[in-house]
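I've put the structures underneath this note.
Next, two complexes with chain A in common: one pairs it with chain B, the other with chain C.
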Partner chain A sequence: MNALIFSALSGVAMMFAGIWLRTNNSIRSLAILLSLVNIVVTFLELRGVHIVQVNTAGMLAFDSFALLFILIAQVSTLVFFLLSSRDMEKVGRNYPDYFALIFFILAGVAISAAFQSLLLLFLGIEIMSIPLYILAGADKRNLKSNEASLKYFLMGSFSTGLMLMGIALLYGATGTFNLQGYVYDLANIPVLLIAGLMLLLFAMSFKVSAAPFHFWTPDVYDGSPSVFTSYMATVVKAAAFIAFMRLFAESFGAIKTEWKVLVGIITAATLFIGNITAVFQQSVKRMLAYSSIAQAGFMMMAIYALNSDAKEGLLLYAAAYSLATIGIFAVLVKMKDQTFDGFNGFARQQPLVAATLVIFLLSLAGIPLTAGFLSKFMMLRATIVEGNIWLVVFAVLMAAVSVYYYFRLIQAMYFRESNQTLALDITPGFRYTLVGVAAVTIILGVFPNVLTYWLYF
Partner chain B sequence: MPINYYIFLSLALFTIGIIGVLTRRNVIIVFMCIELMLNAVNLLLVAFSKMHHLAAGAANSTAGIEGQLFVFFIMVVAAAEVSVGLAIIVMLYRNTRSVDINFLNRLKH
Partner chain C sequence: MIVLLLFLVPLIGGLVSFALKDDRTAKGWALLVSFVTLALAIWGNSVAGTDAGRAFQGAWMGSLGSSFSLQLDGLSGILTLLAAVAYPIILLATWNSTYKRPGNFFALMLLTQAGMIGVFTATDALLFYFFWELALIPMYFLCSQWGGERRIAVTFKFFIYTFAASVLMLIGLLYLYFQTPDRSFALQSFYAIELPVSQQSVVFWLLFIAFAVKMPIFPFHTWQPDTYEQSPTAATMVLSGIMVKMGVFGVIRWVIPVVPAAAYSWGDVVMSMSIIGIIYASLIAIQQNDLKRLIAYSSIAHIGLMAATLFAETESGWQGVMMQMFNHGVNIIGLWIVVELIERQMGTRKLSELGGLAQKAPALAILLVIVAFANISLPLTNAFVGEFMMFNGIFTSTITKYNELFAVLAMLSIILAAVYTLNMIQKVFFGPVNNLTANATDIRFNEKLALGVVVLLILVFGIYPQPLLNLTGGFVDVILNKANVAHLIVK
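What follows is the complex of A and B.
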């Protein structure tokens, strides 16, 4: 609960910071400080120290799964601030407001990680989405940004409509919004319940951009200002997955046979479309958008399996994927030319940054010794335990395809030449933060227990 | 009145909303259709709330109240969404002098 309260208060503080703080440097420092405070508060809560006690009447459950994910989201946000906050200045004039909106998104993330009632699921998803609509359109004079914002907004509210209809039908069938309140008579499952379940499944697939509902993703990610795409594609998507996982594990786990096949098909389709389309992209940003769809396919396997492996794996996946993608985007924002050719000869000019990029790309592709490998491994193991070997074989094949487009970037950086200066101001601080994030990626890949340990103690 | 009537009515409204979102070209009308979808849900929630209230009988006088509470939250969130959405539409209009949704297809290249 403290995580939620403090991130909301931080958002309000950032809004007022725009009045009192004159320079962008002080605003940035305040945001980083508040982000650190949030991390400390969440960590204390994870250790059982509550600064404020609030009775949520059973509507929110801050268990170790929720708190650990909130911690991952907050650390990713801190990394995002450290790497990319300087580039936010270029987007528009409302610098403190961007930070405020990001803190409000974190409040939404806290709700959607911990909800125990469908009402809170709805509120959490909306609190995450509405600031994002604004951030997507932050570059007001840029038509592409306008389009992205409008498209995201229309798709987002359309899927909210579907989700609400699903919730209403579930309420009609069961008379409660409480996740724990669903009792099933397995021989006789009401039609309303199945209809509601399907609508919720579709709406959540929209939010996480799983396959038949992914069509908005590339356009929105491509059109939004790159700094915010980075946040949109990582923390928010992972939070939507955590909400998806909690919803299906806690309320529909008992009637798994009803939806298992459908989720399996969605998973396979997401893996296929994401990976195959990513191969044909020329712009690195668009490639990353399709790669985020492909990674969503892997995360869908956790929803398919729903066992304890899947739970651990999803958290590790959220951390690995968020850190790697935020790192790649942070470098991409600084590039002059954002196509694959724009990276030609990058390793010669920025050897250290190129090396960290390689680690991030290896992690996304799932090469051993990186966090990406272990998280993919856990997803596959969870699915095997669940008994679907074909999905696993297909996922491994698709992971092999993904190596192609990730390595294409490595090839451009190391084996092609270019004489122009490629990147704008890369400061030493930026470099060291990138190295730190890359080190975390490796540490999580070798000792995943550093993270998953907290799930049980 | 049986609950089925309410279910059919709100599903009809909801479907009209979906069809409107998928077929209309004017962003404002698409937007109104989304609101129609949300209001169909509100109607359904209120109907279900009454149904659960009647089913619980006199013993439990607060049964079904959460459905009506949910409606208030939908209204508040819809208002927040409208304010952001209209701001986006105004921003778009300032740049293009049009509110036609075909504009969105330009992103695909």
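What follows is the complex of A and C.
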């Protein structure tokens, strides 16, 4: 609960910061400070120290799963601030407001991770989405940014509509909003309930951009300012997955047979479309947009499996994927030419940054010794336990395809020469942060217990 | 402890090497590290090594059922020895080559060695998979950064091929993990699994394809000639001398004892594939004009014979495979050294452009002829012992009905090998001297030394193979007994 309160307060503080703080440097420092405070507060709550006690009447449950994810989201946000906050200046003039919106998104993340009632799910998802619609359109004079914002808003509203309808149908069938309140008579499941479940499944698939509900993703990710795409594709997407997981694990786990096949098909389709389309992209940003769909396909396997491996794995996946993607985007934002060719000869000029990018790309591709491998491994493990070996075989073949487009960037950086000089604005601080994130990626890949330990203690 | 050091020395040596900028320093450092590794490998495999020194067990990812356990036994011993012997030879032989960013080059070479030693010694399936990739990634960077003109595309094909196959292997290992009685990735638990035959077949193919690509056997070999041709020669030596043995090793350690019934029922299919590969690759080798491609195809033929023998599952055959893994590694590195020397001096690898080198470089010619005889497996060379045992193994195999046919067809490989190898010697070393070869000079001291060591190994193990047989003898019995029991059940 403290995580929610503090991030909302931080958002408000940032809104007013613009009045008193004149320089961008001080605004940035305040944001970083506030996000550190948020991390400390969440960590204390995870250890059982509550600064404020609030009775949520059972509508929110801040268990270790929720808190651990909130912590991951907050740390990712901190990393995002450290790496990319300078580049946010270039987007538009409302610098403090961007930070405020991001803190509000974190409040939404906290609700989405901890909800116990469908109403709170709706609130959480909306609080997460609305600031994003604004951020997507933050580059006001850019037509593509406007298009992205509008498209995102329309598609988002549409899926929210589906979600509300689903919630209403579920209420009609069971008379409760509470996740724990569903009691099934397995022999006789009302059609109303199944219909509501399907609508919720589709709405959540929209939010996590699973195929065939992914069509908005590439355009929105491509059109939005790159700094915000980075946040959209990582923390927010992971949060939607956590909500998805909680919803299906706690309320529909008992009637798995009703929806399992459908989720299996969605998973396979997402993997296929994301990976195959990413192969044909020329722009790194669009490639990352499709890669985010492909990664969503892997995370869908957790929804398919819904066991303890899946839970652990999803948290690890959220951390691995967010850190790697934020790292790559942070460098991409600084590039003038955002195609693969723009990276030619990159390693020669920025050896250290190139090396960290390699680690992030290896992590996304799921190569051992990185966090990305272990999180994919956990997904495969969870799905094999469920007995579906063919989905697993399909998934790893798609992972092999993904190597193609991730390694294209490595090839451009290391093996192709170019005479252009890249004038990159890279500070020592940026470089050290990247190295730190890369180190965390490897540590999580060798000792995953550093993270998953907290789930049980 | 020795086995841990065997892995750590090249690993740390490699990481240190990233910091070295100077060409001489980097080379010297790599050579030093490789000698330390060699000393450790000899010590670990000799009588002086204790059982406690040959095994290491550390806690690692216990929640996933995996542990950091390494072990030196007959099989891993001989292959680790190969990796350790090969590196000093390779580094000496390529001493005169210069590389851009030498620190990185030798760092990646040493990391590959660490990965390969890890693969050979790991007795935990997940750890094995980790090392499998750890050996692959530095190799990918080596070949695509320092290779020939078409290196990027070719190496990428190699990488994707191997990676796709290895993730299938991961599924196989994961599937087996859930069948183990104690939910563990340990080799011993895997050996305790008794799967129904139908499931064994699925697991067999999931695992076997990864190893078949690595070896490579027909029809999974298409990455190999291009990669050998385009890689820098030092990397090609590692690839063909040591890394392909990872495939053979994988079958011996992780496939046949774990899914013996499937290995029995698919044995004929795999043997047919291998034997088609032997003849096919030998015929193509005869047609080659490029030295590197010729040797690449000849390597497919030799590896095919090993694969066929593995599935014949006879004791003498397996002993032969073990020896031949070591010997083939030594011989092919010898051949690559010669190619490297010729290419560096003449600037070409085309058979049609060379000739008459024997007059200009007599020492090179003598050494090459011995290596070439080993490639044809003439008596008194090391390959003869191994190949003879393998043919014997196929011929006396009781698990296939077509043992005689397979043995006869496989023996064609010797005749075909003689054709392409002698053809190569004739075109490179004899005949008239042309403009290109008129200015050739004989080889330098370090090159003589490297080739000399190779020739020495060829002759010593050709005349007295007993030390190698002793190293692997006990091990073969254990694995084969387990497999034979399974066959009785199937029958």
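Quick note on the criterion: the second predicted complex is superposed on the first by the 456 of 457 C-alpha atoms of A that agree within 3 Å, B and C clash if a C-alpha of one lies under 4 Å from a C-alpha of the other, contacts with A are read in each partner's own complex, and residues count from 1 in each chain.
Throughout what follows, a residue touches a chain if its C-beta (ideal position, glycine included) is under 8 Å from a C-beta of that chain, and two chains touch if they have at least 3 such contacts.
The shown structure was predicted, so the numbers you read here are calculated from the model rather than taken from an experiment.
By the touch criterion defined above, A:400 lies against chain C but remains apart from chain B after alignment on the C-alpha atoms of chain A.
In the superposition on chain A, contact of A:368 is made with chain C only, not with chain B.
Once chain A of one complex is fitted onto chain A of the other, the partner contacts of A:390 are absent, as it touches neither chain B nor chain C.
When both complexes are overlaid on chain A, the residue A:16 reaches neither chain B nor chain C. Once chain A of one complex is fitted onto chain A of the other, the partner contacts of A:452 are limited to chain C, with no touch recorded for chain B.
Of the two partner chains placed by superposition, only chain B is touched by A:165; chain C is not. Of the two partner chains placed around the shared chain by superposition, chain C is the only one that A:411 touches, whereas chain B remains out of contact.
More residues of chain A are touched by B (comparison of chain B with chain C).
On the side of chain A, the complex with chain B involves touching residues 119, 122-123, 126, 130, 133-134, 137, 140-141, 143-144, 146-151, 153-154, 157-158, 160-161, 164-165, 167-169, 171-172, 175-177, 219, 222-223. Of all the residues in chain A, the ones that touch chain C in their complex are 362, 366-369, 377, 380-381, 384-385, 389, 392-393, 396-397, 399-400, 403-404, 407, 411, 414-416, 447-449, 452.
Per the touch definition, chain C reaches chain A in the complex via residues 61, 63-64, 129-130, 133-134, 137, 141, 144-145, 151-152, 156, 159-160, 163-164, 167-168, 170-171, 174-175, 178, 202, 206.
The touching residues of chain B, counted against chain A in their complex, run 3, 7, 10, 14, 17-18, 21, 27, 30-31, 34, 37-38, 40-41, 44-45, 48, 51-52, 55, 63-64, 66-67, 69-70, 73-74, 77, 80-81, 84-85, 87-89, 91-92, 95-96, 103-104, 106-108.
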